[in-house]
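Here it is, the structure in full.
The first chain written gets the first letter, and so on, giving A, B, C and D; residue counts start at 1 in each chain.
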Amino acid sequence: MSDYALPEEYGLADLLCCAASREVQENEIVFAGTGLPMVAIMLAQKTHAPNLKLIFEAGTLDGRPPELPTSVGDARCEMGASRSSGLYDAFSIAQRGYVDLGFLGGAEVDQYGNVNTTCIGDYLNPELRLTGSGGNPDINSFAGRTVFIMVHEKRRFVENVSYITSPGWRVKKWPGGEFVHRRELYGAAFRGGPSAVISTAGVFRFDEESGLMYLDTCHPGKNPEEIRGMCRFDLDISRVKGETEVPTREELRIIHEVLDPDGIFIPRVNKA
Amino acid sequence: MSDYALPEEYGLADLLCCAASREVQENEIVFAGTGLPMVAIMLAQKTHAPNLKLIFEAGTLDGRPPELPTSVGDARCEMGASRSSGLYDAFSIAQRGYVDLGFLGGAEVDQYGNVNTTCIGDYLNPELRLTGSGGNPDINSFAGRTVFIMVHEKRRFVENVSYITSPGWRVKKWPGGEFVHRRELYGAAFRGGPSAVISTAGVFRFDEESGLMYLDTCHPGKNPEEIRGMCRFDLDISRVKGETEVPTREELRIIHEVLDPDGIFIPRVNKA
Amino acid sequence: MSNNKRITLQQAAEIIKNGSTLTFSGFTIWRRPMAIIYELIRQQRTGLHLIEVNGGSHTEFLVGAGCVGIWESCWVGHELYGKYGANLSRKVGSKEIIVEDYSHAEMMFRFAAGAAGAPYAATQSSLGTDLHNPEYDMLGRAGLRDGKRIPRHKYVFTEDPFYDAGSLVLVPAAKVDIAVICVQQVGEEGTVRVNGQYYSDPEAVRTADITIVMAEEIVPEEYLRRNADQNTIAGFEVNHILECPFGAHPTGMFGRYDVDGAFLKDFYGRTRSQEGFDDFAREWIHGHDQMSYLEKLGWPRMLGLKANTALNYSSRTKKGGK
Amino acid sequence: MSNNKRITLQQAAEIIKNGSTLTFSGFTIWRRPMAIIYELIRQQRTGLHLIEVNGGSHTEFLVGAGCVGIWESCWVGHELYGKYGANLSRKVGSKEIIVEDYSHAEMMFRFAAGAAGAPYAATQSSLGTDLHNPEYDMLGRAGLRDGKRIPRHKYVFTEDPFYDAGSLVLVPAAKVDIAVICVQQVGEEGTVRVNGQYYSDPEAVRTADITIVMAEEIVPEEYLRRNADQNTIAGFEVNHILECPFGAHPTGMFGRYDVDGAFLKDFYGRTRSQEGFDDFAREWIHGHDQMSYLEKLGWPRMLGLKANTALNYSSRTKKGGK
């Protein structure tokens, strides 16, 4: 039996990190961004997936950073790597189909798993311009599975995102813009799509045929109806499996003693 | 005044080598094959073009071989190079337009400078299959000028080659196969074409508008009519400038004492 | 191409004209040619057209200073030290700048095509996204698609004729006037050795008509040529070189120094408004040259950033919390 | 992918089946995986489909032995030691083999496209030549264009829509079952370090579904990972590894040994006829294993080929006259 932590022993960031870590399978090739996703991946590496391989967008293949990098361009990424190269290599490897799993984030997600990281409001007259796509659509286009980690606010879980930066299960077919299933558009490059959204409220998955998001597990203290109320679309809560698996004490020890001792990405709980 | 060698002091290979060397201009980027062309280029480097840069098809950029390589894949190519890489780099650089001059060979050449290195006779039922194209068409497609060095036999100087391996001044437009001027087909990639054929009989150039070959200079001992008789097409001999410039004693010294002391590519004359 | 390739920082910036199309070395907050960026701001360059695989702090400096007219790329921000590009965001809102969005891989493939002398690359990335929305062709809307630096189409949609792979987009090659590259070492004849990830630097150089290399150190050419298989860019691809230690600060350089996170956080925090940017520029850019900039930073700060030789990063840098 | 990647020479050859589509490391007469080639001949493999950036001595061995059904490439010969591929030429004449001709750059761009997961590349090379003659689509004539390993078209002709560059050809990506690579060093987890020119090896690996790396030496993985920017191929791209000193003989290996020109000249001279090839194979291949082959060559011969450490080539090799 796993030695699960008590509610007062972990924070929301710990829960997200461990939930994300559990999405990683042994021997997988994982396309990693910085921040919480990297902590999650390194946690998996130190627990159930010691042979996973990390690819960093900036060009490092199978890097083994001894401490958390501040960006994928960081020299820390390259320690112990199999090869340091450049972005052309990283994206070629991705398009060629080597990547099993990508971890991503976003400002908005819709019922099909389409994600927006480009702008809030009308693209031509934006309320707020964000960072832009970065590699979000690319990793998502090419990986076998992608996992999104997001803050859960009602305005972020919408029926249709204001700009599709990163493709979900039903996407727009250009030049017309009608929605079609991802499989239809991607052809031979179809390898999967968003497999989970881990929000601060629960874990969501997708019906691969309808392309619609459903609630898989609720984080401790949340219930399905409450979470449905936190979405601007009619979230399917008929398939809920129960509660999100909580962190074990060993996972918490690795996160806070080994991976992020300064609490840069994952603050220590202070519920005293 | 240059110290020209006397007829008994040089051989035909020396003459060809020096004629080829004189096609190179200072500071040029030259795409080099092995054999006599490389001796010619290195001769230019040690005489009038000390800052020329050599690119080898196998991936070495600005190599400075201390002795003659046996192929462009040879470790000798890489001594003192600016960068050792691979074929993708070499051909990208060529297609991008960095290359001023290429030296090539061929089994047959036609009146437009089209060259065949693929087969003798009908391609579908060949009398003799040769090596194939190698980089001949690529270098010729992308360089500002190309110089061909060839053995002069009547069967090799033909009206139309049996297979166009490497493009001359008038080429076939596919899928129809009608002849058009190279400029028309290459569009933005048009940078020039064959600028000289140096045969064992003379030096030939091309009228860039008509695309037709003409005789530029006769090697010592040959006359224009005789050379016209050595071609299966009606060679233009109206523009002959005179005799091919013969080697200087200094050039011969460099060839035989410095570049090819063992006479691998250029035998020493033995006219005693 | 002359054999004496050395120029000064001021000359480097002067090669870049108002309206020039530019690209840079590096990745987000690493190996950006900041000393030349500062000099461009001092020289008040305007109407620059940036085509970048990704943007970063250097983009935010140029955009904030009003130097940039068009930005084609996929991302801007300061990573951990500033979550988005506040200067770009402000100028997008006020329509002082044209932004053309592609994805990161698309930008990389655009540069790879340009570097190989091909007019475009075919990819299956980002299908179905609003990146491909024909309404969002901003350079087309502005009537700027002249087929020169700006291709006639943002994308072309097609299908794979060879292997039935399905839908594809063609992305146009990147073509730029000048690449400005910041690296660890350059030889006297222009050979470049990048240590660590080379990002998209080799492609950036080949898409450009003119390449300027700013290095931590100019080294004897012969030293680099002893191990040609460790070099990154051939000398004949480089037109101008200059030596400028710490020239990438506040961005980082593998094996030499870390990102100055505190500096970037300060920049990000203070430059949300134009007044804030102008104030920051008065403090750190105008009235300075590179040496007085470094003096103002001071040695203790720079020693803290200095990379450990065995690790290639600083073991003393404080990465800073959220 | 297993973490124990070591296999034997015999196992390496067994992974390659009759009819497999193959590609190799190296360039003409350099770094060809000859020990595995010999083993394939011993195992009497048939119907192999070779897709190669360029051919060389190894091609001539496989073709002479009757292992090859289709050869897609641009060149075959032995450089200075044999001006053309006499075995291929003979079998083209007798129509025992299908040859599909592309240019060298086209083949390289086919591999680059395949390595990047793109279905094709656009190029302006070789326009106007008979390479593009639709009558000379040999795989099409043979009815083999199934859109799997063999694309539905040899070429597609098109125009540049972005920059008005004019005519283009699209060349299909290369897709192969197995890449067989011969290098100086491989780590226990598969990381490859190539010294000197890497030719088209990185692309060869990525176009393949399975990669076999034969190295002069298997070294501790950790040794290679200390300088990741000097490595050529990542470990996860490699499925199987084996150590085989002098495994490239009679082709050469940068920094280790030169081409055995005398051996190649002898091969070229003796294998113009099928009887000659069979005789050569009886002498050097059948009935041998790699160790007895090396013993037959003898140490004095191999010491003569050994590269000088400072030069990376042998200063004692006789290159041989015309």
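The definition used in the following text is that contacts are C-beta pairs under 8 Å (C-beta built on N, C-alpha and C of every residue); 3 or more make two chains touch, one makes a residue touch a chain.
All values derive from a computational prediction rather than experimental measurement.
Visitor: Give me the set of chains touching chain B intersected with the set touching chain D.
Guide: Neighbours common to chain B and chain D are C.
Visitor: Between chain pairs A-C and B-C, which one is joined by a greater number of C-beta pairs in contact?
Guide: Answer to which pair has more contacts is A-C.
Visitor: So which chain is the furthest away from chain B, centre to centre on CA atoms?
Guide: A
Visitor: Would you kindly tell me how far, in whole Å, the mean C-alpha position of chain C lies from that of chain B?
Guide: Here the centre of chain C sits 41 Å away from the centre of chain B.
Visitor: Can you work out the whole-Å distance between the CA centroids of chain A and chain C?
Guide: Spacing between the chain centres: roughly 28 Å.
Visitor: Just curious, how far off is chain B from chain A if you go by their C-alpha centres, in Å?
Guide: Once rounded, the distance between the two centres reads 58 Å.
Visitor: Do you know which chain A residues sit against two or more other chains?
Guide: Within chain A, residues 60, 78, 84-85, 88, 91, 94-95, 142, 189 contact more than one other chain.
Visitor: Residue numbers in chain D touching 2 or more other chains?
Guide: Counting only residues that touch two or more other chains, chain D contributes 109, 112, 116-118, 123-124, 160, 163-165, 196-198, 229.
Visitor: Chain contact topology under the given definition, line, ring, star, complete or other?
Guide: Other.
Visitor: Show me, using the given definition of touch, all chain pairs that touch one another.
Guide: So, checking each combination of chains, I get A-C, A-D, B-C, B-D, C-D as the touching pairs.
Visitor: Within the complex, which stretch of chain C touches chain A?
Guide: 26-31, 53-55, 73-77, 79-81, 83-85, 88-89, 92-93, 99, 101-106, 108-109, 111-112, 123-136, 157, 160, 163-167, 196-203, 252, 254-255, 258-259, 261, 307, 311-313, 319-322
Visitor: Could you pull out which chain C residues touch chain B in their complex?
Guide: Touch residues, chain C against chain B: 1, 3, 115-119, 187, 189-191, 206, 222, 224-225, 228-229, 231-237.
Visitor: Could you please specify the touching residues of chain B with respect to chain D in the complex?
Guide: Interface residues on chain B, with respect to chain D: 34-35, 57-60, 68, 70-79, 84-88, 91, 94-95, 114, 118, 123-124, 126, 128-138, 141-142, 163-167, 171-175, 177, 180, 182, 185-189, 262-265, 267.
Visitor: Spell out the residues on chain A that touch chain D in their complex, using ranges where they run on.
Guide: Its residues touching chain D are 27, 29, 51, 53, 60-64, 78, 80-85, 88, 91-98, 142, 189.
Visitor: Note which residues of chain D are touching chain C in the complex, please.
Guide: Within the complex, chain D touches chain C at residues 109, 112-113, 116-124, 147-148, 151-153, 156, 160-165, 168, 170, 172-173, 175, 194-198, 229-230.
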